[in-house]
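Labels run A, B and C following the written order; every chain starts at residue 1.
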């Protein structure tokens, strides 16, 4: 069967209905959607892979173009004149006009769109109107807060979720399973800003183990990591809960597959079957989700960055929207969307390489 | 019936009940501010205490339940009303160009960070409950579209559908009369889940000030107002947070319980 | 055994040594971050908060008690007709980049501020200047088109600081001034650093360095101070927490006044607010004390007109708008609104507006007026309320000092048009003798109170929370500033 994008959808959807459990449906749908189904064996395969990669590259570019159009048009509709906001209540009309022409607001929309896109491609994100510095500088300063925070939260959530999910699956129905499932239900239901509030109250104000927020910079790496700890925990908790549940259900599905029965028939103990076969195979959808969670974490840190007053990308978006600094908003949102699309693309490509089971077509 | 379903339904019904009851009677009028009565601890007059404006917290919770449920429900409604037909259409026209377009559109919406879009929408159109509904609802559409399509696709291969085609029924009629009833269970489960996500989303948006505006009560805004008071009068911060937690928990448990109830295929552990 | 004793002794000595010398750096937090570092190119108060008197200086300057004292100009002569000011500058003053400050720089600064392309937010301060002439390197002659009693006061504003042509191009990101501190670094979104200027022309600062942090969220502010992440918070945004700090021996709380008149702005040209009786009804429907208690937790001084109560020329006109809901309802009936009416209440972000707005809406509801609340961001507020004048009511604090003159501008957002008042303001500008000015100001305050132009609520208080050992902080805010030049740590 020749590989086509459509066939992939069909197989995925079958997978969706089997694996997806309650809450994680949203994540599952997304992750399963990106599972590959490369096919064909032998020398023809190389060309198929190339053709597949080129196909994905094309759709990547189309996605990016459409995304940029959507972002540009949505943001241009925002009412509010940046010039008035910057010069304040008592500013006079002539100074406002001077600032507006300095900012290029009097040019037609189409010209501004293409200027923006061409600039993006060259790495020039424009100049921020409020800060009067290149946006790329603002982004590069703040990405060193948001990116480590996202990675830190990812590591924490994985460290919590994996053992929890594996334990719960291996002792299905037992006391530990019920406890862990109960805990994950709570973790998913708790609003993360409320959780952050309580943690600040206990750990920062009463115990003074951590600072209440802020970021002292990376000159002292340990201090930097310490200041990101409470925020990372707040971000990681709901993700860990979801991840643990997915790990558990994915593992349970693996455990019910025939190849496990075969392994047991061959004489492997329960534990050996679990580790040698089930976990490795269950890791595949889980790894996909981790890759996608990363995008969530990067973008989802907005509220957390507000609460802990971290100078990251999320807070930049917030401040830029309040200040009507359109260039900053456009560029940062585009960057986030770009990251998500690229991560998905990378997951797709890596998947074909990594998963042997999906390469063989029945 | 599993205990999860019972507990979950119980919790959900309490809050939904509070919301409906608030139309008949609430202990105190939340629009009458009594500054001199502010920040009282729970007592016989005010079972959950008063907030920084002297308003009765129990009344605020009841009114807030109204807001959360209305917003989340309508957001799910948007997702269902637009997403399900899209999914059915996509499944009926599986493999065609329009199917591709719809699915790519779905992916694109998934790629956008939802909170940023919500902030943008409320910045453009102003913060209000209605805009919160739209902002949350938009992200429900691809979920339902995707799920509907995934559930409907295998059904199209089934014999009873093929015989309907042979009888000459149009795709639309088949979708409505045959496919839809068979996927309803899945929709109910997903709807419950999206409902609980909607409650959380509404709380998050209100927390940053982009949801329902005063004097409409909202749990998220109660939490935002209470933040600086948490060391002076903890009940003002604890009560709304617990309300959100319990409601979402209840709905999740109910959703999981319903899924187990509807789906007789319990995966056995073959080890 | 011997080793550990030695280590212990060394550690003890080190500790004692570090305790003996007082701290020389300080971390100050303020709510808003400056968008850029040019106090003469934009209106953001935060720019002045960080740089005024620390990095930049003007011909005159404000002290903590509001007095206008000599700055870069050590003395001045005013001509008999009051139109020519001759400033004698201090000599040997250097900018932070080593270039000297002289009369050429003063001419450059004033001409730049009043030029056509100037983006100075307070261009009006300079509009009366017809000529700036350099007499010699330390003497400047400024000619006005008419006498102006507030000219020296105006030159103390942050928008009138002296800048240099050599460093003007980068001023927004690398401010070069003449102050006791020099700009060192700015990590946007996080902090801004200053270091002591060791070649300062006046008395050197005690502190060696200072870091500004920007924390807008009230909860984060509370957490930062409690956790001792910052040493000082100027303009602490959560008055409900002040009693906690006062009770805690680690901190001191300084509550002072500002020039911020917090008012319920009323659109005088939008019906039904064009009717004096309606405005009077609104004034009597409001309970000021409830607003001060509910929104500001008791911090703030009630006002009856648009003037600062700590100013000696203030007239107490609170009686004109006492809390009397029955009278308010009667007035509404008389005005033709027995059933009340609906209007909009558009609120900017500060908590005095958001909280105060909810309280006022509730009070107005008691007399039958339904005020629909919209919470806006600053840029939206400027668009809708300030420029488009599309609002019924709003709440905002006018923080410029001595700004009663805004009532003489019929185009100003609340659109009050009274020829008598306008004539009064023209007369005031030309009057320089203090007794005459007092009388005119009293008359002005009475007119706008009896016309019920706006609802006059309270004078904004400013709370500074600091560690108990910090000395020299301003208690009041006569202008937006965090003057660190005389701040030190007690030993």
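Just so it is clear, a residue touches a chain if its C-beta (ideal position, glycine included) is under 8 Å from a C-beta of that chain, and two chains touch if they have at least 3 such contacts.
Model, not experiment: these values are computed from the prediction.
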Practice problem: Just say which it is for the chain contacts: an open line, a closed ring, a star, complete, or other. | Solution: complete
Exercise. Determine which two chains are connected by the greatest number of contacting C-beta pairs.
Key: A-B
Quiz item: Which chain's mean C-alpha position is nearest the mean C-alpha position of the whole protein set?
Solution: A
Practice problem: Round to the nearest whole Å and give the separation of the Cα centres of chain A and chain C. | Solution: 42
Exercise. Averaged over CA atoms, how far is the centre of chain A from the centre of chain B? Could you give it in whole Å?
Key: 22
Exercise. Would you mind listing the residues of chain B that make contact with two or more other chains?
Key: 123, 227, 230-231
Practice problem: Spell out, as numbers or ranges, the residues of chain A touching 2 or more other chains. | Solution: 79, 197, 205, 306, 321
Quiz item: So which stretches of chain C touch two or more other chains?
Solution: 219, 377, 380
Quiz item: What residues on chain B touch chain A, complex-wise?
Solution: 94-95, 99-100, 103-104, 107-108, 110-113, 115-117, 119-120, 123-124, 143, 146-147, 149-151, 153-154, 189-190, 193, 196-197, 200, 203-204, 207-208, 220, 223, 227, 230-231, 237, 241, 244-246, 248-249, 252-253, 255-256, 259, 267-271
Quiz item: Which bits of chain C are touching chain B when the two form their complex?
Solution: 218-219, 222, 238, 240-241, 244, 290, 293-294, 355, 357-359, 361-363, 365-366, 373-377, 380
Self-check item: Complex contacts: residues of chain C adjacent to chain A
Solution: 35-36, 42-44, 116-124, 172-173, 187-190, 213-217, 219-220, 223-224, 226-229, 349, 377-380, 382-383, 386-387, 400
Quiz item: Of all residues in chain A, which touch chain B in the complex?
Solution: 5-6, 9-10, 12-14, 16-17, 21-23, 25-26, 29-30, 33, 59, 62-63, 66-67, 70, 74-75, 77-79, 172, 185-186, 188-191, 193-194, 197-198, 201, 205, 252-253, 255-258, 260-261, 264, 270, 273-274, 278, 295, 299-300, 302-303, 306, 317-318, 321, 329, 333, 336-337, 340-341, 344
Self-check item: chain B residues within the chain C interface of the complex
Solution: 31-33, 35-36, 38, 52-54, 123, 126-127, 209, 213-215, 227-232
